[in-house]
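Next come two complexes built around subunit A: one with subunit B, the other with subunit C.
Now for the complex of A and B:
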């Protein structure tokens, strides 16, 4: 078939689809809805994995050593803090530091404090708690060289706390923004020391505010590790050891894990393992949604078949006259087939566009339903996702169009014209 | 003059349950260029069956049929299409115009199936023959019944057929519009040397043909000529 003939058939197909505009629009909408669900789901799968990768990579570690406990708790704690904190003896740091495979290591002490007394915000109960990370800037920044002080208005002159201080803190970008704190402001928090019945109110001085990183660090309050341990009355304890190995591969990691798992109180967690754990957390839900999306697509395709078949039966006389005028079976087949492909293509484009436009809503809805423990965008609709959806829809339309097209092309002109004349 | 369509002993039998319906039961017929042949007869006499056979839309159960020199017995549907292409044009009672296409697009539709490009000059010429040169951009819904039938005639003429098959072309028209269509068919037969096969319930119109074939129970009851040279 020449390009000209194809263009003429395409024009005929489009004009016929426009004849029943509402039916065509509803059929396209059905395909579009299914494609929107499929594209949103694919975007979520892609985006969520990407968000996990980014969040884990932005931890700066390859391996963590932490107290034995639930691996899910360990994974989410590192990403967004947690309340069921377990602690390591601080001499673990000295032991692991001497391991010849360790390239760099940083100790982190995590505690949860109650914010109070600022008088600025008291609107959200859950927001009254904050994660305090006690860190050692010299080794911590080796792991996270991207952490920079914000130099914007009100934040100028920011710096990390001086060694040995007990009342200086650095705020993550969102923590500062939420509390409306600038460099030089006071920050109040109540900390309950371990083994003591009453909380102690502390006044800290904000000496620096970090640039936004898009990670859990944005909502964290950083203070010197020794000061944190003292405030929480855990002078000889740590929460995590973040580690980079000199050579990082699965073999080396396994060796390293086996070496340190001999310590009774620790678990060694590779970051890949954390990624897998987090992906696994939502994997079942994703599979179920994917099944729903597949069913939606199949139902939409049945709708397409039904709509095109109806259109074929309504045009029996026209098909008959086209055959009388010289159309072969193949011509009629292609004409009807093109209509099916156009409906599927239009639905795929509309559905993909809706998915792209509505990705923010989908993200908000998912985050509203479940705390996924990652920061950054979790719905990522790429051109390849859209291209795949459009291609798959057209391919399915290719099959969906076979029966109506065959049915139309099989009509005998005599009967078709007679039926068309009597209808 | 050589016949462009010639049938000998044409039969068309159908099975309807246990019964065999003899819609056409042994008809001899020849159609020559430039003549207007009307086929008359009561309902069920076999007019439409005969016209379907003569136009290659259907195949006879028995008998021989040649269209433009080609024997069509045992041909597949696509082979019959090849026989019809460029030889036969069709006009039906219900017009069967595509409602989404303009007059010009409807008239040019057969070109699409022949793989030919739009021919604006030819389209204008054909539309002028049927008196619709000023309606080329209109949709069928904007035309009267008589105008729609003339568009259908123009569509049939677009590929320069040698035979125009008109099955009850005036059946849906009032007497004035019907008369105009009949006059047009007569003029086309004469001026374009076109064979026109006409079925009609309107006996008065039918008797204006060059040759009148009257069917009854699937057989030719009588054949008479208004013009002695074509009988």
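Now for the complex of A and C:
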């Protein structure tokens, strides 16, 4: 078929579709809706994986060593204000540090402190808690070289703790915003030393506020690890060892794990596994939504087949006349087929555009429904996603148009004209 | 094990933080009902000094009336302020307003509920206050001393301090104020709150008292 003939068919197909504008618009809207759901879902899958990758990579560690049972305790504490974390003996740090596969290692001590609550009532103040991370800046910054001091208004002159200090803290960006602290402000926290019945109120000085990183560090209060251990009365304990290996692959990680799992009190967690698990946690929900999207696409396609078939039946007489005037079966077939493809193409373009424009709303809705625990954009609609959606829609339209086109092209001219005249 | 670790990491990742540096009630509906049990409705209005006529001049006026520099983060021309008007039926029974002032341990949020007719303090309270002085500042008896005072009383205090130190009519001079930097910050916040309410709600009705105090200071050369 020449380009000229194709353009004539295309023009005729468009005219036919415009003759029944409302039906065409509704059919296109059906396809568009299905494509919008599919594109949004694909964008979410892509964006969420990317967000997890970024969040985990920004942890700076490849492997963590923590006390057995620690994750459960930590989760309980964070979600329900439980009694505390489990801790590793601090000599684990010295042991693991000597491992020949370790490129860099940093110890982290995590504790929970109570803060004065806020509220206007005289009778009750809501309790507030803050998570304090005791770190050793020299090794911690090797893991996270991107951590920089913020020099914005109120934060100028920030620095890490001076060696040996016990009363200096550094705030992550969001912690500083939330706590409404500037460099030089005091920070009060009540810490319950292990084994003691009463909390001790501490006054710390904010010596630095970090730039925003988009990670969990933004919400963290950092203090020198020795000072934190002393304040919590756990001088020989730590919570996590963050580790980077010289060569990081699954084989090396397995070897490393086997070596250190021999210690009775520790567990070794590779962050690649954590990454996969986080993806898996929403995988089921994504599969269910994908199933809904597939059903929506199928329903939309049935709608397209139905609309085009109705159009074919309504134009029986017209098709008969076309045939009587010399149109071949192939001509009729191509005309109807083109109409189907146009409907699918228009729906795909409209649906993709709506998905792109509404991606912010979809992101807000997903975040409103569930805390996915990652920062950064979780819906990422790329040109390849849009291209794939449009291509798939046209391909499906290709098949959806076969039956109506075959049906129209199989009509006998005389019968069709008679049938058309009587209807 | 990995699932639990992943869960912990997910839980550890931060929730979005508050970005605005204005001062609003955490839970206006509950808080206002607590302050005014007879409340039937309330209205929230966002005010900015720059949005008022002659905003830049008013900002300079605020600085002058507070008698010192303003904080470059929490007390800017663009800082939003929320004024809550409280109604019982159609009658306006209260005006509630809060301000941020820098304290030793971060921001102190100083709130006032005022009588819409007299502009006098009905209740003085704190929302956010982290300080070793918090117990003394939140003490009911301490706060009750301020009930009934208006901005005029603070301007009169400035006048008496300059012209007639120790005058019996100086209500603010008779207050039993505590010691410490956060007591100073809280009092500054209370005064700032009254000045802003005068700008935003009460039509600058107390300006004559300020002018009088200013003239007395200029004449007497005292602070």
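Assorted remarks:
Just so it is clear, the second predicted complex is superposed on the first by the 389 of 423 C-alpha atoms of A that agree within 3 Å, B and C clash if a C-alpha of one lies under 4 Å from a C-alpha of the other, contacts with A are read in each partner's own complex, and residues count from 1 in each chain.
By definition in this document, contacts are C-beta pairs under 8 Å (C-beta built on N, C-alpha and C of every residue); 3 or more make two chains touch, one makes a residue touch a chain.
What you see is a predicted model; the values in this text were computed from it and never measured.
In the superposed model, A:8 makes contact with subunit B only, not with subunit C.
After overlaying the two complexes on the shared chain, residue contacts for A:16 are found with subunit B alone; subunit C is out of touch. In the superposition on chain A, A:328 contacts subunit B only, with no contact to subunit C.
Contact with neither subunit B nor subunit C is seen for A:243 once the two complexes are overlaid on the shared chain.
Shared-chain residue A:305: touches no atom of subunit B or subunit C. In the superposed pair of complexes, A:413 makes contact with subunit B only, with no contact to subunit C. Once the two complexes are overlaid on the shared chain, A:318 sits against subunit B while remaining clear of subunit C. Set against each other, subunit B and subunit C touch different numbers of residues in subunit A, with C touching more. Within the superposed three-chain model, A:177 lies in touch with subunit C and out of touch with subunit B [touch as defined at top]. Shared-chain residue A:219: touches subunit C; no touch with subunit B. When the two complexes are superposed on chain A, none of the residues of subunit A touches both subunit B and subunit C. Considering their complex, residues 1-15, 17-19, 21, 25-26, 31, 34-35, 72-74, 100, 102, 104-107, 109, 111, 125-132, 134, 138, 140 of subunit C touch subunit A. Those residues of subunit B that touch subunit A in the complex are listed here as 48, 52, 55, 57-58, 77-78, 81, 84-86, 90, 92-94, 96, 98-101, 109-110, 112-115, 117, 155, 159.
Against subunit C, the residues of subunit A that register as touching in their complex are 55-56, 59, 64, 66, 71-72, 74-75, 78-79, 115-116, 118-122, 131, 153-154, 172, 174-175, 177-182, 185-188, 201, 203, 215-216, 218-219, 267, 269, 273-274, 276-278, 281, 371-375.
Interface residues of subunit A facing subunit B in the complex, by the touch rule stated above, are 1-2, 4-5, 8-9, 12, 15-16, 18-19, 317-318, 320-331, 412-414, 417-418, 420-421.
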